[in-house]
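Chain IDs A, B, C, D, E and F follow the sequence of writing; residue 1 opens each chain.
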């Protein structure tokens, strides 16, 4: 969405350049509990996006004056590895990653039972190892699973995906090529069970009708992702159970 | 701790009012506070506007400087939007580098302008790949009494509408005004106790858990949206907010731009 | 005072380029209580300088180890808006603004009854919205009134103005053109009632006699400014009183 | 305070084990944990390797960009090694600029590569004094379970061994691979209760007061060494560590490079 | 807290002494401590001077590098003055970026030099608009026993007086010395209990609420002045301080420059 | 050790360019107690290296959460003056100085009786005023003496020197010319009385045998330096004693 003219033809014979249909997600791969030091962790692949999320906590909140006497403070840090992007990304937070960290934290806040841990911190880290558009949605999906893996009490999982407009069509889950040459991009996060939207951003230009269509499309895909997240957690849980039994 | 209790009491007060259909300042749920836009206050800037929405007070200044284009858009000028929540404006703001709130403010205003393709960035190119105008939109918050977003976005577009390009100062030739193709207007709403309130004041903003900013253009299309806050929104609430956002933007555009 | 030769004729037929006499101030405008969130505030115009000052406090001092057990700590932050200068000013403090903040704080310290509020902080912010030489004096004048508006106990107001040397003459209250091409600049702050100097800087080259003449000139002008500051505060006060009576 | 007691107990546990000739994970004193090297996982990078040593997990990516050479070496490319101990990898890591541990990690890996003259920096020159390849070796720690140094150094050399030079992307001509002249391998040892343990895990690293990293090349020469920790080492202990370091490096080189 | 009480006692001690016409170190009110100036200690610098005023110890080094002029003065060299209050020099100094005290120190020294037009910046231009000498005056405080300002200013002018321009190192041609047109000298005074004391030592500086630095030139003109501290000064006190400042500057100039 | 070819002939007729033999130190000068404000201090010259070290403490450790409940924390800051190097050094810590600070602190830690001062900080500052290769060893030597001068309880002094390889030969104490064009550099720090190595770094390329020879060479030189450090401290001590007797 760089305000560029769409010079590239992104849809050919009813298919997108990577062969997907309009309402088709990229391939998704979820591994739970991939890190040893973290209290919870998740590796999430969305097409060529590769992200690892880790959760630490609840633990003491520093600095003290930032504690909340009534509930845990959730910290979220979205970070791109220097080699994750086409041009090397300078290490450290930039304005984009600071905004994404805020949006991601607010996407997860509604499901975390923060009131259980007054004055504590729950820290969530999402490291982008490879990026191909949609990184913030991949990060939220990974973080949601990592929170569950860490045993943080949650009302439900959060699932996230973007929709966008390319060549005049509303399509699901833009890749980098589509994002760069498309007309609009709209990341959404949702609590699938209650259809509650917890993150919503829009960028580009859409009519009201396109927006509404896009939102429905995203919500449907969030349900798909939610099932994949649940399955991954159940597998992980049953593995640990089996391990225990073996012992 | 003392302060936290006061915050709780204020929140409860806002909730109780809203439940009985009222707001602190007597407005209706769909009603903006008094808006005023003063233009060209700052003669060192190429464009400026001071926007008040109730007691919220925002000064936007636009400066143009010559610089190099980005390598991937060699024929376009560069737009840089920056917001400073200076500690003068609120007891909660601190000195230091921009925090997540000021960054979000700047980036949402920026995306609203880009999304609507307000400024024709190609008109800001002087020599392809070498020399273009860098347009700095600086949002300076003076008094934060809630809903900085709408005031800042309005200040930005009002400033852009009549900038004078400083060709002479920089010894270049070209047109002196910048054609503005659209006028994106931001409308922010919060959800409190199931009700949608436009233009939240400071207490309402604090009390609400969900906030949505809807940026729309003269033709009713959307050019930006941002949900914030630690709560959720339902599909039908969002639809209603979009509806209201477009309508209110039209009213503001007509009166102040 | 950039060590530049005076190539520009700054005085013609006994008048300065903007038509002022040697001992004439630029126009001054003072509005008290212009901000709602701040505990006290003041808008001050000096020619083309536009500054808003705000005061917060007394309130708890952070960080604790910087508290003074015997009196309040005054913090002063002089800040130029990016659009206030001819070339855009990069946001954030630079060396110049850090020095001015120190000088301005020390100009105000002597009148603030800091001993009333041990361990507390009194925070003063001066935001320069438009600059035309003399910004620090405008900032001190505005801050002094804002402190009074905030109800901070004060021994008196502080008034401030610069004098300088242009085309060989000592003149009052340089504008930017005069400052850039003049031979010396000398900002002064004073407690008018007791003729106590609380800030004094000099830059450029002056004889001892010129310096003494300049100082007298500045002191006289501080008395004028003091009257304007008092008048503005009285007006503000009477307005509030009237309001109260109406209620 | 509670945590400190736990630390003390863990330290004592490690000491007791070592005194009885054992290690937490059942290894011998001269035995590495299981090593794995996965190459080219990151397609945005010109070279990459994910190295696991036991549960320690390090991802190294190499990116090449065009830039200017240093004035005193106008005919050579530039090598920049950077390490980020991101807070994802350990409860003890914090966000922020690189601290002394990440700086030491990056600098020791960097010196190992330079010392062995692994990369022929002259081959990275495109136009003398004007345009050379800047090689960024970025070490991204994912899981710190001890001995980051050896994993990072192995990841760096494994990444360098098969980088693809992005000539096309930058519109220059030249060879597509970088000849690698040597393969420095780092071997880290700690001294605990008078014993030398290779490849310390997290608890062993914490319990030990002296640590020595020995970097050696295919021909058995040394190209880097770094002692760390607040304890001392005797000459004969160092000699023994160098001996072990060279031997273990040979084994790792053979199996994983 | 303990420390604050000690501070109070020291302050009272200074007050009592001054009231009875005395100073801690036995000096008269108008008397400087022993001054020494050692030149050219640092051979990596193009000019240097170590100045001691009593136990106060300041090392100033001047380095010249080639660089670009400022756009508004294309035919002039650039003078940059920087001061570091390194934590070695005082228990009160902290590591980190320059604070307001070190910035004030550097800026007052800098203005003194500029005000007197000490250096002919046009002589430092090599190629108009392209290449000029950048003169870095670095003030490195070694031991802060009061009155850093006078020591730093004296070190700066003493260093400038015999710099060697490194034409050969940079492969340019030109004169090897820099003509110095004037010799500004700073004299700092404090007011304690109604008395004016020159060259305050550390305790006197802490005890005083008002301090004035007067910088003057060989011909008795003033080229800089700075009041600091949270107290006030009367017109006649300032006049007296200016008088003393010019006189003392003359004595210092004669003995040490 | 910049990976540069050795184009410069560094050894002529069995002597190094500065006339030294292979196993010869540069001239050393040690002055103890050179600063008044510091609790202990030392000026150390090693050839053209000039360094001043100062010690403050034991004193309260800030910030608190960095305190160690069992022993004092030693802070070490190696800093180069901007004018100490051939090209002006930008003020402030860089990666090199941060690493050297760590290595130097760990070189001194083993001799400091840190257990005497739980929760306290001992601060060591080494300011490099002029550099000519070997600065970190000069800094460690100076700091070690300054610690003793400050009366910090120590098990012994630490002595430090570098060895290196030039023109194929292992030599002692490289100067800048030798360092820039040599094949290897290896700084060593040692507790002389017990022959315990407390710092060891190597850079360049050495055979195992060269390394071992180099280490022996460095250890021998550390003994020489140790004697000079002791002598300087004894002189300082006897001077203070004499002073006392005179009083």
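We adopt the following convention: a residue touches a chain if its C-beta (ideal position, glycine included) is under 8 Å from a C-beta of that chain, and two chains touch if they have at least 3 such contacts.
Note that the coordinates shown come from a computational prediction; the quantities given were computed from them, not determined experimentally.
Hopping across touching chains, the smallest step count from chain B to chain E is 2.
Touch-path distance (fewest steps) from chain E to chain F is 1. Distance between chain A and chain C, defined via averaged C-alpha coordinates, is recorded as 51 Å. Per-chain Cα centroids separate chain D from chain E by 48 Å.
Each chain gets a centre from the mean of its Cα atoms; for chain C and chain E, those two points are 26 Å apart.
Of all residues in chain F, none touches 2 or more other chains.
Within chain E, residues 98 each touch two or more of the remaining chains. With chains as nodes and touching pairs as edges, the resulting graph is a single ring in which every chain has exactly two contacts. Circular chain order, beginning with chain A and continuing to chain D, reads A, D, F, E, C, B (contacts as defined at the top). On chain A, the positions that touch chain B within their shared complex are 1-4, 69-70, 95-96, 98-99, 101-103, 106, 109-110, 184, 186, 191, 194-208, 211-212, 215-216, 219.
Interface residues of chain E, counted against chain C in their complex, comprise 1, 4, 73, 98-101, 103-104, 106-107, 111, 114-117, 121, 209, 212, 217, 220-235, 238-239, 242-243, 246. Contacts from chain E toward chain F in the complex involve residues 41-45, 48, 55, 57, 59, 61-63, 65, 82, 84, 86-91, 95, 97-98, 136, 138, 140, 142-145, 202. Chain F contributes residues 35-38, 48, 50, 52-54, 56, 59, 77, 79, 81-88, 91-93, 123, 125, 127, 129-131 to its touches with chain E in the complex.
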